[in-house]
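Each of the next two complexes has chain A plus one more chain, namely chain B in the first and chain C in the second.
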Partner chain A sequence: MTSKWTSRLIIGLTLTFLIGPFFIIIFAGMSAGDFMTFPPDGLSLKWYMKVFTVESFRESFALSLFLAIFGTIAALILGVPAAYAISRYNIPYAETIKTVVAAPIIVPGIIVGLALLRYLVVPLSFTVTLALFMAHTALVLPYAVRVVSSSLNNLRSDMEEAAVLLGCSRIGAFMRVVLPNIQSGVLAAFILGFVTSFNQVPVSLFLSGPGVRTLPIDMLSYMEITYDPSVAALSALLALLSVAIVFLAEKFLGFSRYV
Partner chain B sequence: MFQNNREGLALALPAALFTAILFLLPVGLLLSEAFKIGGQWSLQGYVDFASKPLNQTVFLRTLKLGFLVALTSAIIGYACAFCIVNLDGKNRGRVFGLVVLPLMISPVARTYAWIVILGRTGIVNDAILALGLSDTPIRILFTETAVFLGLLQLFLPLMIISLVSALENLPKDVIPAARVLGASWIQVFTKIILPLTKDGLVMGGTLVFTGSLTAYITPAILGGSKVLMLETLLYQRVNVANDFVSAGIIATILITMSFGANLLLKRIAKARS
Partner chain C sequence: MSNAFVSLQKLSLAYGQTVVVPELNLDIREGELIALLGPSGCGKTTTMRAIAGLMTPQSGKIHIGGVDMTHTPANKRGIGLVFQSYALFPHLTAFENVAFGLRLKKMPVSEIKSRVEEGLNTVGLSHLADRKPAEMSGGQQQRLSLARSLVMEPKVLLLDEPLSNLDARLRLDMRTELQRLQRATGITMIFVTHDQAEALALADRIVLMKDGVIEQVGTPDELYNNPASKFAADFFGFENIFAIKGSNIIGSNGSLTANFDAENGHLAWRPSAISVGSGPFQGTVMGVSFAGEQREYVIKTDFGQIKAANPAADPVYEIGTLVAFDLPSKSAWHLPNVGNDS
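== the complex of A and B ==
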């Protein structure tokens, strides 16, 4: 019996350390006062409301949403064929291609942002938004390839071979046989890519210009100027959004299989 | 398996070329800047960088914090993973889900919570004042302790995940067998659990260590300019001094370390399969 209670205590303490801080920011954001304190000075939802009225938060949220959605779609457009080639063909230089595509995971984001700023944005006059879009696409690509590859590897390849033998074109076989079978893997890759891109900070540190800021960067700079509870409220909202996405994905896709 | 390899290459090349040209090439150019002083190829940049006391402090502090965070998460990770593995199926899934969940949440949100906890008017200082342990609030924010706690909270889940999967593969009866034969818990850990789960430990350790070395947000929010780490130093060098030589050197250090860690992980994964 004692060992059961020790075990509960250890798990309880670890989870408190890992998850407790989120409850604290949820409550800190509910403060009725003007400064961050915990416990809050009285309860109100005014800071949660204020978040939606701050112009820069709205703009940066829109940019982050745009990058997360379209960066992930672009990564899937590049990544699904690549994953298909790696799992179904015996292509030359397969190892090199895999290493190149996986490289963005290894390079720290701050370096990527600086390199793109220095060699693409400044000399070739790429817009900051375009550079951000490319960086986010490259960052999500490794996850897209990995998740889609693993669902392709779980799908027997003789079905599409049969479809081709029966007269279906190769593209037709992919569209009608392969894609319907891997769609939950592709959706899982989209969700993982979306969350990764949306939470991404270091890439955008250098890649932000006047009026072009991702949400996390905007929060960092807001934090430096003011010490009101609105950042806590916004953090709490973002955390709840992530939890909701992951919960739904787990419920409908068995998301944790893919991560 | 299809035999038309040209077709396969045509499918894979867009992704590879995209990453190579728009991602790896600019990064490579940035790294090469550290070897160019006044248009000449030289190692002088590295010599100058290494001789500055601030750079040495930051480099050693980054390694030290990375090591401490990895060590602490290994200790907590073993205890916690051992308890998780011993839960029954349904509870195990739930607890595991709660451990993984923070990984999907914005690191800015995760780090911001520590300001509320550790700040001058935060929970810890309220408790210290209320208990009379000190008359004035203690500075915890902008110290190495704050950065350490932030990094530990950020990366502990990675260690627990690695250790849970290593412990799941441990044969069920080895521990009772060792106990019956008279081994103490310490002997069970050092002679049985540790050797049989060392791959998981190395995997988790590398993820936590490299994660801590390359973290930006945590040292930026919780350490500020008082507790610089390599990434925050890089940001400062570029923004304050336009110093691209130092930036290239720090970038090379960070990439070498995370590339080395990645090779190590690949080797472990290969040995396992």
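== the complex of A and C ==
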């Protein structure tokens, strides 16, 4: 009996700490007052409305969206062939390559950001947007390789040989047989990459310059100046967006199989 | 052989440093149904993959239809292969699977349609044209895979263990089906199997392989009745094989003196040739098993173990019983000493 109540307590506390902050943010954004407080000072949706009128939020949202979409697409263009090569060919140092590819998630983002700033942006005068794009591509790449690898491993290679014997070239077999059968894995990798890139803070922190900021960085700097509930409202909206994406992905793709 | 349709000349196959087939020569006539038979690791599948163009030989030549195809890429050889796993395309329906190769040939849509329908009809799957492979049974997938290769009108059709994934009843149906298709289309077929019964039942000629070397080539009758080596004899059911030295036969535990007609090489008996109950020799029953028509015995003797069989209707000898048996000279198959016998 006691152990049953203990386990309930542990589950309850875990859920409180996992989901609790989410509710606090939702309600803090609903405040009718001018400061972020919890419990809120009365209820209103005015801060949720205000979010859409802040110019810098709109610009940084557009940049974050751009980075998340095109950074992930670039990562997939690099990652799908890499995953294919690793899973199909007995290439030397396959394990090493997998580890190196995973480096951007293992190395602290702060270091990646600093390195990119110090060695790309400053000496080579790369634009901040380009550096951000490269950084986000690199950060998403490991997820792309891993998720696509796992769906490739479930696909038997004799299918490609069958396609070749029916007249396909090797590339043709990949396009006509492999790609259609791993498309849900590719889509899952895209969603994971999108969310990862969109929520990225440490690397972007170093690479954000005047006028070029991703949304999370913009929210940080907004809060340093103005402590009104609009940041809470925006956070709640972003959290809901992420949850919605993952929920839909789970429903239609069985997302959790891939991650 | 000048009329060879598929000709493998001094073919040498290796994976990296591992030589699987050192040097293989084989001629196959047009329209033949050939079995590549042997235990796993004997190089039969590798040989088949080389014919298909899925692996490049280290040396040697592959001629198909009189053309040197040694270096022709797999997608230009015009050879069909039915994979052991069927290798169907899971995202396509049965119809689209069969149409796959025809579409690549840029054939007119109407002709593709009629040929796919004909192909599905040949294997009795017309009613399942819209199903995906996952919605079909193993036997249906097998036939779909066959249809997908057949509509391409291949010069040679290769089949990798075509019956191994089917249950016993389907296996018999598929055997008949394959023979029928082969007679109807006249396509040269080469199938790989490890099952001697399958090879005997289906093939016009059997190529028995061991360790990458052809042990014997012949008709099912020849291999079954006149195996040329100890390995071949063992593979085709001569489960009692003993070396002969003078008037002794040598078992694993000792020798037995008897007057056999041969003086060297080996003598081999099928279990059915040795009956239990009477005869000049004695042994203890170690195992009895019922096998339908026959009752099979494992008997321990002073010189080694033997396997014998009586008609099932005969009295049963229980385990532990001392029984008499005979090794009849007239039903022994004599294998003269040949180089590769151990």
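The criterion applied here is as follows: the second predicted complex is superposed on the first by the 250 of 259 C-alpha atoms of A that agree within 3 Å, B and C clash if a C-alpha of one lies under 4 Å from a C-alpha of the other, contacts with A are read in each partner's own complex, and residues count from 1 in each chain.
Here is the rule we go by: contacts are C-beta pairs under 8 Å (C-beta built on N, C-alpha and C of every residue); 3 or more make two chains touch, one makes a residue touch a chain.
As the structure is a computational prediction, the values presented were derived from the model and not from experiment.
Visitor: Sticking to the clash and touch definitions up top, decide whether chain B and chain C on chain A clash or fit.
Guide: The answer is fit.
Visitor: Thinking of the overlay built on chain A, is A:P180 touched by chain B (first), by chain C (second), by both, or by neither?
Guide: A:P180: touches chain C, not chain B.
Visitor: Per the contact definition in the header, classify A:A188: touching chain B only (first), chain C only (second), both, or neither.
Guide: Neither chain B nor chain C is touched by A:A188.
Visitor: Looking at the overlay, what does A:V148 touch: chain B (first), chain C (second), both, or neither?
Guide: neither
Visitor: Chain B or chain C: which reaches more residues on chain A?
Guide: In the superposed model, B touches more residues of chain A.
Visitor: Looking at A:L165 after the superposition, I want to know if it touches chain B, chain C, both of them or none. Which is it: first, second, both, neither?
Guide: second
Visitor: Touching A:L120 in the superposition: chain B (first), chain C (second), both, neither?
Guide: first
Visitor: If you stack the two complexes on chain A, which partner ends up touching A:A68: first (chain B), second (chain C), both, or neither?
Guide: Neither partner.
Visitor: Applying the touch criterion given at the start, work out whether A:R156 contacts chain B, chain C, both or neither, answering first, second, both or neither.
Guide: second
Visitor: Chain B to chain C: minimum CA distance in the overlay, Å?
Guide: The answer is 8 Å, the least C-alpha separation in the overlay.
Visitor: Where on chain A do the contacts with chain B and the contacts with chain C coincide?
Guide: In chain A, no position sits in both the chain B and chain C interfaces.
Visitor: Provide the residue numbers of chain A that touch chain C in the complex, in ascending order.
Guide: Per the stated touch rule, the residues are 156, 158-159, 161-169, 172, 176-177, 180-181.
Visitor: Which residues of chain B touch chain A in the complex?
Guide: 1-5, 7-9, 11-16, 18-20, 22-27, 29-30, 76, 79-80, 83-84, 86-87, 95, 97-102, 104-110, 112-117, 119, 121-123, 126, 152-153, 156-157, 160, 214, 216-217, 220-221, 231, 234-235, 238, 244, 247, 251, 254-255, 258-259, 262
Visitor: Please output the residues of chain C touching chain A within their complex, sorted ascending.
Guide: Interface residues on chain C, with respect to chain A: 52-54, 74-75, 77, 79-81, 83, 85, 87-91, 100-101, 104-105, 148-149, 152.
Visitor: Write out the stretch or stretches of chain A touching chain B in their complex.
Guide: 7-8, 10-11, 14-15, 17-19, 21-22, 24-25, 28, 35-38, 78-79, 81-82, 84-86, 88-92, 94, 96-97, 100-101, 103-112, 114-116, 118-120, 134-135, 137-138, 141, 145, 157, 170, 195, 198-199, 201-202, 205-206, 216, 219-220, 223, 231-232, 235-236, 238-239, 242-243, 245-246, 250, 256, 259
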